[in-house]
């Protein structure tokens, strides 16, 4: 129970270190009968792949996925799907310096405190490469959800003080720009700003928004496994996330009930809401509106400018972290946020199947 | 699995509806040997008790706890601790109107969609009274943590646009004012504002902050069960919470790495951090600094001013929700936030005991 | 995690000690819409109630159940069902002697070793009264299964060396005799034998068989959560059970494949098996035949004849356990075996709903 | 949740099909600091390897393990350990015949009923090769237990009607004979009998016993997670096991309390038991004596003699299963039984660390 499994019915277990032989993942509980190929998964992995943007590390990684089990004649069989991405020879080098000291903002110190020592090569298990397993699983979950009519729009919503212009929102633009922002104006402004930050040997924070369309009402369990609670865990478990908002998020603490309540309305017998401050969730259960969530990512902690820290011995030193690091986390994390949301929603959707006796009877009627 | 259990080693299961016979809770996995009395638990329950403030519902509830199992000769035995709070005769009345329509901002519609019908009396399971079980468990968890040197400071940090004055922070003042704010100036301003809101038949949002002191470094599991991820779920699972922040929270997306990274420093061989933007958690593992978190509560959805909604039949109607409702959730939720944080931290602390073989050997040495 | 919860989707948590205020149970994950009354549960509890047979303890207990939550207008709501049985004033007395020494065959010594001390009153949590929670949950699970066409036949299959006569098997006789055996001849023989055992101040072992009818093929998960593996845990977790058999059970180790394999056959397009050595389970998954299992109960460890044991201090002593103890466990455990089988089967049935994508699509089609 | 994970703290997830690319396993929750090499694991895998005995399939498989994560500088890091065994080119061939019909005693029919279709190549996930993951995990668990003073003796205890001679028991002989029996006389008799069975194109059942030495008192949780209940699930989840016995097992139902109770005795202040009918477990908790369990394996269902079965279409046919099949399961399953017992015991040992507040305080004292 080192916390590498996630989910109840659609359950994933990820493994692997930044500079080990490989990283990978097992899905247990994937329904049988889904058409699934390595290409389906590779398409998602490519969305987080480094080396293809001026705003990400120039370190090129092919991150080629291999599916080792759980598929027969092109379909999932219901048994565990094991996937593996080999680390390539690029991933090597001299880590003797970071072996000795604790990088600020990283998990070096805390891993040492917990386990007594750590795999210091490139962050080991706490590296961003850990998300490869999440994204591979997310590709599968999203494909199932798509067959059920559930889709995602996920994008960078702010970089530093630059926020997207909602009046210019264009979903089709998101995957066309290196920052995965939904409008050209914000992209331009952010790209210029980011170049300045990089020139300063610094990094910058960002936020990512995810909207889920087509979610049926009724998903999520009351009390502890509320849909929003599960999404909060899923998203906060992504490295560098420090805040999660649902619907209006932090704004709700400033507003009155008369503003925040979404009025129900009815058109041709179909009940909808006039607004969606709730972000599609009421009492922890989906209300049929779009699910809306936002994640706030801190700036990449690895920066080349001077920082103060200590060695394991306690000696105080100044460091400059060399190497090829992303100056921002959000753009490559868009697909990670989407993946965690997809895995969570699919799991809640499967859990919900046992909520009503009448539906169970129909399911099993002979 | 209707989501009423929480925790892995220290595991709680809550039950009960707003207007049923009783509400209660079972703790499974409480370590043996803790001195525990009903008074310990009652003290926590009293902190969420209604009817004792001009800013809460005037409905008086004694909420007297009865411990039914798991204690022998004043000590926990290691077996399940079952606790029960009877609903009193005050909890009755005519609910025929809310049986028919869907209250905006409440879970009426979503419960109906999930289960086909609902216990409409006072919100049933989605009522704020559901938190009685959380608080009873929190009292036990906090008592254990206190014996291990871990304590809490929890308070209302904002009401509408009124934020606390951090330069006047006085922890001893928190439980001395009806709004559980940590300074008299903010309390005065908020009290006046709240009176206005109540006069408008409206309600208002609020935020609650929790600081945890004395947490040893090393708690939390990498990847999915990060300490912050688990706290995010714990806090977001409280009704009406729409955002959770750790450390600098949403602010991190605006800041640079050079600002956000906390420098490590060493004094007499003891490693500490110069700042605490991380809120005491790095890579999902506690770093020995205070754990800092913030929850944002929406305004109470039950308001007496006119709202538009629909009946189950689809008919559109206007409603005024009568009755005795809290105009704000934060003040009574302070102890709920603290309880969920305590339960989560204790569980992670127990999980962490199996992290290292050398410590396991010491534990079992014969 | 003191092990008081069982199940994944239909999850129960039991609590309570033999001589505490009460014993009880919470079901989380009961589907909504089941008609359920206290009478439904009481009927099951009465099947394990003591004091109504010459072959059980003369201690009369009404064991009256109270349902505290999860029911509205006579139907389950999908939220936790909390049930409670108060211990009556009969349950008191002087336990100072058993506080000091370790009763052979009981859990006194092991509880002390695990927890440092124990609730010694009547066995505390390790008492047979712990099964009250199992049976209350079993009543609910069995009622749901019955609506799905799944029923049980459970009975005592042997007492000491006296086995039932299968050629005289009469299901209707089981609940008509105090030993819950399925034929009058075996009952007569066993009753006489048991009288002799009681006269010797001794107790005797027994076995219980359970057949489950109408189970659809396909329940159970490959590998670790095989249906038979889950049933084995369920049954072995009942106090005093020391062996669990599925189908031919221990006999399989003596037989050849040509004997043990059940031939498939087809009649009017319906596939059945010519024999049922497998006990209705192949590869951990139900095959559509009756599920057959057998539990072996040791003799009641509390006996009045002289036994050698030690005090906590290590002092060796001889004891005679006085009091009103059952001379045999099987007859009162029949309903416990049935309950654990019912809970397990229902849980696997609910888990199985997410096995196939085509069925999930049908379930959610809009 | 297709049931491929096992354990709570020391948690394993296995994956892979008989004729897929590979089989493997992930351990999550392995304590940090264990010296571990591929040789440690290979030694266990070799104990189940086929092709090296006249009494197992002549199909040679090297079953070479590769560790992909979780080890750094020769030690476990506390992060997931991923292991993989590639299936070799030997594993291919024509399975078109078994694709069409249901082999008696196999999971062909039940997989089809559950999932709608199946990977029919060599049994797919229901193949005995699935146990590779269990044994790899067992090697790790057993190595940890050994460092804590806990060891195993596991052997074939009967084949058909031939039982071992306990008076000749020689633990050192077990791994010296192809049938893993503990005395030469039984081995000789069984070897001759097995040759006859093979000549008849038939197969035979067997039983396996496992004794665990050095288990501290106090492991196991009361009620549902009793140590014996968890062991029963662990062992029954091994393919072809149809009965599990603890201590005296099925014999207990025939005996009286005066015989079955183990008297406590004290020597130099150390409390022991005069006998061990309980198999080292009382009330679900280890009592400090050897843990004793027995598993009954059915005969290999694949036999070359004529069998009656049906095609998916319902057509009745006669079949002869050709190929290289083990005539008996027990000898190769000895290490599987030992592995499942080791994994279970280690998990319970880790769970037990949170049982007492005084020990938790000592663990965390600063």
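All chains are identified by letter, namely A, B, C and D, in their written order; residue positions are counted from 1 within each chain.
Keep this in mind: a residue touches a chain if its C-beta (ideal position, glycine included) is under 8 Å from a C-beta of that chain, and two chains touch if they have at least 3 such contacts.
Predicted, not measured: the structure shown is a model, and the values here were computed from it.
Enquirer: Using only Cα atoms, superpose subunit B on subunit D and state the rotation angle in degrees, rounded to the nearest 5.
Expert: That pair's rotation angle lands at 180 degrees.
Enquirer: Determine which of the two chain pairs, A-C or A-D, is joined by the larger number of C-beta pairs in contact.
Expert: Higher C-beta contact count between the two pairs: A-D.
Enquirer: Most remote chain relative to subunit C, going by C-alpha centroids?
Expert: Computed centres place A farthest from subunit C.
Enquirer: Centroid of subunit A to centroid of subunit C, CA atoms only: how many Å?
Expert: The answer is 45 Å.
Enquirer: For subunit B versus subunit C, what separation do you get between their C-alpha means, in angstrom?
Expert: Once rounded, the distance between the two centres reads 38 Å.
Enquirer: Between subunit A and subunit D, what is the separation of their C-alpha centroids in Å?
Expert: Averaging C-alpha atoms per chain gives centres 38 Å apart.
Enquirer: What are the residue numbers in subunit A that touch two or more other chains?
Expert: Within subunit A, residues 1-5, 8-10, 14, 29, 32-33, 78-79, 114-116, 125, 222, 351, 354-356, 358 contact more than one other chain.
Enquirer: Spell out the residues on subunit A that touch subunit C in their complex, using ranges where they run on.
Expert: Residues of subunit A touching subunit C: 8-10, 29, 31-34, 76, 78-79, 144, 147-149, 216, 222, 349-351, 353-361, 363-364, 366.
Enquirer: Using the touch rule from the top, collect the residues of subunit D that touch subunit C in their complex.
Expert: Residues 1-6, 8, 14, 102, 104-107, 109-111, 113-116, 125-126, 130, 158-161, 197, 200, 202-207, 217-226, 228-237, 239, 241-266, 269-271, 274, 277-279, 281-288, 296-303, 305, 307-310, 314-316, 330, 351-352, 354-356, 358 of subunit D touch subunit C in their complex.
Enquirer: Taking the touch rule as given, give the residues of subunit D at its contact with subunit A in the complex, in rising order.
Expert: Of all residues in subunit D, those touching subunit A are 1-5, 8-11, 13-17, 20-24, 26, 28-30, 32-33, 66, 68-70, 72, 75, 77-82, 84, 114-119, 121, 124-125.
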